[in-house]
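Labels run A, B and C following the written order; every chain starts at residue 1.
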Amino acid sequence: MLGICLENVRKRVPLVHNITNYVTVNDVANILLACGGSPIMSDEPEDVEDITSICGGLNINIGTLNKRSIEGMYRAGRKANELGHIVLLDPVGAGASALRTDTAVGLMKEIRFTVIRGNISEIKTLALGSGTTKGVDADVADAVTEETLDTAVAFVKKLAEKTDAIIAVTGAIDLVADHERCYVIRNGRPEMGRITGTGCQLSGMMTAFVTANPETKLKAAAAAVAAMGLAGEIGWSRMQAGDGNSTYRNRIIDAIYNMDKETLDQGARFEIR
Amino acid sequence: MLGICLENVRKRVPLVHNITNYVTVNDVANILLACGGSPIMSDEPEDVEDITSICGGLNINIGTLNKRSIEGMYRAGRKANELGHIVLLDPVGAGASALRTDTAVGLMKEIRFTVIRGNISEIKTLALGSGTTKGVDADVADAVTEETLDTAVAFVKKLAEKTDAIIAVTGAIDLVADHERCYVIRNGRPEMGRITGTGCQLSGMMTAFVTANPETKLKAAAAAVAAMGLAGEIGWSRMQAGDGNSTYRNRIIDAIYNMDKETLDQGARFEIR
Amino acid sequence: MLGICLENVRKRVPLVHNITNYVTVNDVANILLACGGSPIMSDEPEDVEDITSICGGLNINIGTLNKRSIEGMYRAGRKANELGHIVLLDPVGAGASALRTDTAVGLMKEIRFTVIRGNISEIKTLALGSGTTKGVDADVADAVTEETLDTAVAFVKKLAEKTDAIIAVTGAIDLVADHERCYVIRNGRPEMGRITGTGCQLSGMMTAFVTANPETKLKAAAAAVAAMGLAGEIGWSRMQAGDGNSTYRNRIIDAIYNMDKETLDQGARFEIR
């Protein structure tokens, strides 16, 4: 069911403009190529409008933001809105600093986002205008677990309604919701948290998925989450004695490169609530 | 025949100053080390003149350019010209935005480049002052193929004459020309286009090759292209079931690391027109 | 003996704020995760104080510095000092440009560093306020060898006394000293110099080690050096025909990921002078 969304990415080769942090940008570019998209990066305010105009989607990630790139985010976002493009926000570290919180909240006021994707701590910050973030990982106390699932599902649906955006919260259990339906996805492995940037990679890939599936945006966002988690499982199954997080990073991107419709359809584990 | 150029890189260990984009910079540094060169990166205007002064070559890549780094490109370029250093331009995304086109064209006016290397779309933009770029890849319609080869060879020779630079156009068939002779190189694999930055890596490595072979610059530039393509073939031959573009990236750099004169001499497939 | 320091990193999961160059930043993040730490990157002056406040350690690396990030280094450093955090300086390229030398020397005047780590050329620049740096590698003539060891040990102890910081000089033989004791460490492989950023990675990891071992800072800094060198040995032992520096980079980070107390205790080769 979700596999068709991947197939559409490979068929339509969406061009995605990324304003993203310099820590994980190379992996974001490679996973976009792996899934069938085409990446282009630009953060200079005087460059971003032209670049985003030739793309179909825009991925804004605020990790390693600076004053220049923040201006680039606003200008690219406005232009993308004007053109009716898909726009995704990854509020990396929202809650960890005033600048990050203010930038994420400010962007949400001025730009219409198609999707907002983060960990539960970041998403709560956006929702509550406060919160704490331990680095860029979610507080364990605020993790989405089987016990807290009902509340969490209600929370993301409500936020989706309030923001008129798809809300994707990733963690041990992933949630992808609009105001009515919430995909609860149980793919992935805990070891993915020992690699830098699996979240950033997912945001890039999700932008490509939603851009290539404009009629089924929610499903496409869920498909990207399931594909990433499944790649984590496939990549892990190929690990050998002595391999660690650096090799695991390569194997996950490789698994996306080799994933087809059938693999995703068979491997995706989700329910809709 | 081309292998001697690689041998000279390993013998002379050219120090290459790179002003390059943050997407692929790590791979550029590692491939420079793999081929026997020594990389140093700096883009701050107040730092670049000192840094380029201790180097032998300068690699200017305009991907992820910003106003600060553009100033750095001009200052480094002028200083490198003053010192008679090798200077290469990689006009990433020229044609995709006004800022990129203007920067590439402006640099060409003020800096004497030893080599200009890009895809056919970018090079046409420089030549024509216009054009369209799909992300950073060449338009398929403008690809260099066996059918369009004669015209393309004539075009690059003419541009080489006009700019007094070696022109390298890379794609399915690669062309490296001065105003008289054009190397037509048929190494490489299409899957290299699914890795981010093989072009950026080639630009870094080509700067090292030309710097280490000042008496045979055209041949050295062609040798770098053949070495990169051959590494793509060797790397691909080592791919295993389940491997994808992330592992392929590693294997290509590894193949450069292990390449010797004989391997390059035997594996290079080219003619001179 | 040194293994306990690694165990403490895994137990205490120190959060490390990195202001580091964009060339090797991804590897720095991944090796921090591999050793058990948690990385966060931020260089915007208006962001760094908040970010460093939630961390335990600060790693300042001046490679690819710019005027904005230099201001970020000062502001983060002052705040970290105010909070009594661990602060490390990696003076990449000090001696290669006036801006780098001035920045490193200026930071040392205003910020109290817990550790200063570099190659012998960079450290001599800091000590002498002059010197030459071939790119970011040490001059061969100034290498620490068995012949020059006594002088080098005396030099680092003296500099440690003068700066009131732990001084770590890495090369063929590594030295980690305070004013009284110097760890002389003989782990590692020469091929590590063919990978970009093993020094940067070590600086990130060393910040985590010292942060997680506040009562035994000198020993913790030495443990990080031994762990990095040992990972270079273990990673090399897993190399297969055709592998090169790109794969080697992955295997080193993987070896840190898999290293335990016993492996480090048994593999560390050092003496205290």
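Here, a contact is a pair of C-beta atoms (placed from the backbone, for glycine too) under 8 Å apart; a residue touches a chain by one contact, two chains touch by 3 or more.
All values derive from a computational prediction rather than experimental measurement.
Taken as a contact graph, with one node per protein chain and an edge wherever two chains touch, the assembly is complete, since every chain touches every other chain. Overlaying the C-alpha trace of chain A on that of chain C calls for a turn of 120°, given as a multiple of 5. A separation of 33 Å divides the Cα centre of chain A from that of chain B.
Contact with two or more other chains is made by residues 22, 26-27, 249-250 of chain C. For chain C in complex with chain B, the residues that touch the partner chain are 21-24, 26-27, 63-67, 93, 96-100, 132-137, 194-197, 242-247, 249-250. Residues 15, 22, 25-27, 29-30, 33-34, 38-44, 46-47, 50-51, 54-55, 68, 234, 238, 249-258 of chain B are the ones that touch chain C when the two sit in their complex.
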